[in-house]
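Have a look at the structure below before the remarks.
As written, the chain order gives the labels A, B, C, D, E and F, with residue 1 at the start of each chain.
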Amino acid sequence: MAHVVVQNVARADQSVIDGLAQHGVATVHEAQGRRGCLASYLRPIYSGARIAGSAVTISAPPGDNWMVHVAIEQLRPGDILVLAPTSPCDDGYFGDLLATSALARGARGLVIDAGVRDVRDLTEMGFPVWSRAISAQGTVKETLGSVNVPVVCAGVAIEAGDVIVADDDGVVVVRRAEAAEVLAAAEARTANEEAKRLKLAQGMLGLDLYEMRPRLAEKGLKYV
Amino acid sequence: MAHVVVQNVARADQSVIDGLAQHGVATVHEAQGRRGCLASYLRPIYSGARIAGSAVTISAPPGDNWMVHVAIEQLRPGDILVLAPTSPCDDGYFGDLLATSALARGARGLVIDAGVRDVRDLTEMGFPVWSRAISAQGTVKETLGSVNVPVVCAGVAIEAGDVIVADDDGVVVVRRAEAAEVLAAAEARTANEEAKRLKLAQGMLGLDLYEMRPRLAEKGLKYV
Amino acid sequence: MAHVVVQNVARADQSVIDGLAQHGVATVHEAQGRRGCLASYLRPIYSGARIAGSAVTISAPPGDNWMVHVAIEQLRPGDILVLAPTSPCDDGYFGDLLATSALARGARGLVIDAGVRDVRDLTEMGFPVWSRAISAQGTVKETLGSVNVPVVCAGVAIEAGDVIVADDDGVVVVRRAEAAEVLAAAEARTANEEAKRLKLAQGMLGLDLYEMRPRLAEKGLKYV
Amino acid sequence: MAHVVVQNVARADQSVIDGLAQHGVATVHEAQGRRGCLASYLRPIYSGARIAGSAVTISAPPGDNWMVHVAIEQLRPGDILVLAPTSPCDDGYFGDLLATSALARGARGLVIDAGVRDVRDLTEMGFPVWSRAISAQGTVKETLGSVNVPVVCAGVAIEAGDVIVADDDGVVVVRRAEAAEVLAAAEARTANEEAKRLKLAQGMLGLDLYEMRPRLAEKGLKYV
Amino acid sequence: MAHVVVQNVARADQSVIDGLAQHGVATVHEAQGRRGCLASYLRPIYSGARIAGSAVTISAPPGDNWMVHVAIEQLRPGDILVLAPTSPCDDGYFGDLLATSALARGARGLVIDAGVRDVRDLTEMGFPVWSRAISAQGTVKETLGSVNVPVVCAGVAIEAGDVIVADDDGVVVVRRAEAAEVLAAAEARTANEEAKRLKLAQGMLGLDLYEMRPRLAEKGLKYV
Amino acid sequence: MAHVVVQNVARADQSVIDGLAQHGVATVHEAQGRRGCLASYLRPIYSGARIAGSAVTISAPPGDNWMVHVAIEQLRPGDILVLAPTSPCDDGYFGDLLATSALARGARGLVIDAGVRDVRDLTEMGFPVWSRAISAQGTVKETLGSVNVPVVCAGVAIEAGDVIVADDDGVVVVRRAEAAEVLAAAEARTANEEAKRLKLAQGMLGLDLYEMRPRLAEKGLKYV
């Protein structure tokens, strides 16, 4: 198989991307029809980050981070690195030197279905990472992979230029072509939720707010 | 099988419940004969919470949180929601709107052998959750379950009205009928530990404090 | 099999140990040829600790912490307890009383391929632990193990007196006899990294800094 | 906590038990309202066994099989041993000598949320086991547990005298008091399935057999 | 999100598909550049099956097998059902009645990133299944999914009409458009391996057959 | 770190090795004081094999099987290959060509804390493998490892020349220097077990055979 680096990938509109970041992962995921969540084993290395950006994808062999260096050259300000190993691996592909380089290129963070290290440094630098492991185990630079090809990361297919949204709830991907539409749906959803939140805070029950009682009875729920 | 909501469940005495919260999970678990710990994969979404309350139990299908709405109506101030899916599931059954509603009804927290989302909001609201996953993946409202029936949550059988104690060490359940007795045992244990802690802090060895040396020798331990 | 306590284990030079702590796990691991990392499922109970010390090893049966008491007597100031169960176990072998005792003997922390409890207390005491689980489940004191014998902890062979380095990235072991040599290599590596970090921060690419382009081309990487 | 052996446990009618064995796990589970399946990580040590029997339950500490000897005395012909460790453990609690003894007492098999060994011998003896692990790791006989108390085994609450049904699909428990009723429901279900199987084998679609098309359309399924 | 059934999906040439089955999973995977293997947790329910067919894909909610009935109508002789749940689930989505129906429509097997049941019956019927679990836990028919849309199954993106090859080594997917090319590469590889196998069987070392010694020396391998 | 191949490793006496094979894993493990079992996730690719041999150890990078070729040259008749990856990896390091070569050199089998493929061929060849995964995912030949150095495989430290015993219960390692002594202990144990088996088969209880009743009573077991 040819190992390739795809250059000049199309990105979504930056204002749309930034808008998606405001809404967060859970809302965006609902807004696009409950699709696109990466597996829940991806966890942030520190709490409180909420970012969105265009995916620069990396397909890398197990235990080999050579392609990360290649990918960093492809970064544009506002991008997010997305690394998927070609077979399961927990090694620490990424640390403070790579983060320094990625930050210098404008990256907003990393999503990696593998391990990361130097997490104290990354936290101090404010470089957020969502990973399946934290591991000091180093990697080699011997075998090619590819950059900006379609990957499956943590169970979800991602293409270069898709929009990644990540926060304390995890990571969701929005197709580039659907980003504006999803943002609109997220805005509608958020607006709608505010009114509900107020009623619920006042003690109204979801059973009444969502008019669930008749359907529950019809399905056969018994109160005893 | 009939899907039911059991109403008017008996609770333990509130002062007993509050007393158990003071002692924490490890002590309560020891005080009742080293029983009742839920599986260690249940983790708090933030550190530092220490609560106790009466269980309002929820048996829910995988990927379906309809019964949470039903359960919230059954909450009384001081209760804790306990959700067990009928087959393993990591989806995010619970988020900020449900937490708003549960708080309005006086709930102290949630123990869920599944996923939770909106964890940043829940942390800001001070609504503690112990869960097996953090996941933005949403759920549907299509299939009935039951409320306040006996469940097995994270490996432990729990009945509605049992006392749940949860802190950074995890979650333990105390049978409602045994709560007062367990509190007394916990108090005795805590008092007893204080004296030991002082001696250990002064450098006395557990080998001497607990008089272990003869029995170790008898079992055949050799110093070389 | 004889159950033994090996006394008077040789330690590495304390200044070497303290030097290794300065460099942290990832650097030390690289400095010794990318060896010695314990499995990444070992996680710290709180963030920010960075320690090094001589291993006092404990081989313990599942669900039995008797040998921890025996091991504490063998501690010297600056040591780290390292516990490996003889078969997989998540129970909470260690809590605040044992930590009080270990601190009184000068221990710097605990590495345990099992569970720990009282983590709020341990955090307040500043006693760091790297464990595979946090679990309130208590243990018994019925069956012998051994102290200061070779163990395999989280996938790595460790001998008493080996140097343990632990931080937010995990845990690495350095052979006692190699500690000084590894420290020298770590110092060289750290010095070398500083210059690189500066260049990367200024926007220089790793592709150029490490002169990777020719070899990538030779291996067949295509830009499209 | 007192460690007890409950004697003279009530069993279900033997003809009902044998009837349930005929229907197998999947059918029995459906017949009782889709309840009672033990976790799917329990697997048979060999294929083809299909048994039912009354549960003699064992609550045992991790790595300690003393209570198995105690439980064997409580066996009556047609019973099944059900062992749940008090915390997760993969050790081999049971091997050919215990199986020889259990067979001599009329046991039909073992369900164990832990490990088993001597599986070649057990296979030759025709003593079926459903376990979470196969492990040669031996256990000690130092700490008490209990026999014929309620346990949670592989995620399901089981009481002594409940009916266990096990085959290649796994294990299901039927409450003793419900056994006859569940058998009747299983018989009805099996009879009903025969007719459906014939139609499906002739090429009739489930969509038509179960009249699903209108409801699918109503829910919004689109054919494109 | 619209729930859809895509009809009249293009398939690869049947003779190409059958050719791929002859070569098996490992060879096909190598022949297409070491791509396309589904996660190794997918295991066959019985040994010895080796099949290939066109994917009819199913995206299904957790614990809901309604879409399997819909998918069966879309089967053509020689097809393979491929089911991916929208969040992780081990339930038994598929059993003997569905297999009877699928066989009547000409299906060659099922690949499912979830559970299957009635495995004894499926084995007797000769209907092979590769699954992540064997589980009697039944499912409901309440929530829509989609058929013949792109899915990610066990970590790999699959489109309807892609060629699935499965045997005792697991499952690999070949893009429909590449199937003929991959078959040719597999044939070349198999022919090439035969000559090598003969030499290796005669005692020739891979070190010599593949002329590895110079490169090993160059990389620095030392014999001591 | 230097990558080395250690040649001319000492082996145990072949008659001792063959004797250990007769007793099997569980007995050998008990005979040496309940030590040496590899993790239970290592499973045989087919049932019924029972082998023993001298370990030729391989330390290999994740996803790279180059060192297997190097190790095969070091095989002597009766040896067993033991592969430990330097970080967790499920890839299929070993298949039918390597097995052909290993068989030609007299190897008795493979123990691998990673994946294996071509399992149907290996089964037909009668080449037994104990692995953590079956995976068609191929590996590269780019990065050095070492042969016949100490490794940790599936949680146990193994040195080249140690005796490996493997059967359906898993894998155990016996130190080379202790092999004769362990064999003697295994023979004594097996002889002793025969008499016990006969008594147990006749219905005698372990409670009586092992005289457990007084100690159970002393510990406080209550019959109710």
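Operating definition for what follows: contacts are C-beta pairs under 8 Å (C-beta built on N, C-alpha and C of every residue); 3 or more make two chains touch, one makes a residue touch a chain.
Quick caveat: nothing in here was measured; it's all calculated off a predicted structure.
Among the remaining chains, those touching chain D as well as chain F are C, E. Residue numbering shows that chain A and chain C use the same positions for less than half of their mutual interface.
For the pair chain C and chain E, the distance between mean C-alpha positions equals 41 Å.
Centre-to-centre separation of chain B and chain E, using mean CA positions: 42 Å.
For the pair chain B and chain D, the distance between mean C-alpha positions equals 28 Å.
Residue positions of chain B with contacts to 2 or more other chains are 34, 37, 86-88, 90, 135, 137. The full set of touching chain pairs reads A-B, A-C, A-E, A-F, B-C, B-D, B-E, C-D, C-F, D-E, D-F, E-F. Residues of chain E touching chain F in their complex: 24-26, 29-30, 34, 37, 40, 43, 47-48, 50, 167-170, 172, 193, 196-197, 200-207, 210, 212, 216, 219-224. Interface of chain C with chain F (complex): residues 1, 32-35, 37, 39, 86-88, 150, 152, 155-157. The touching residues of chain D, counted against chain C in their complex, run 61-64, 86-91, 135, 137, 140, 142-143.
Taken together, the chain C residues at the contact with chain B in this complex read 2-7, 66, 69-70, 72-73, 90, 92, 95-98, 100-101, 103-105, 115, 117-120, 123, 133-138, 141, 144.
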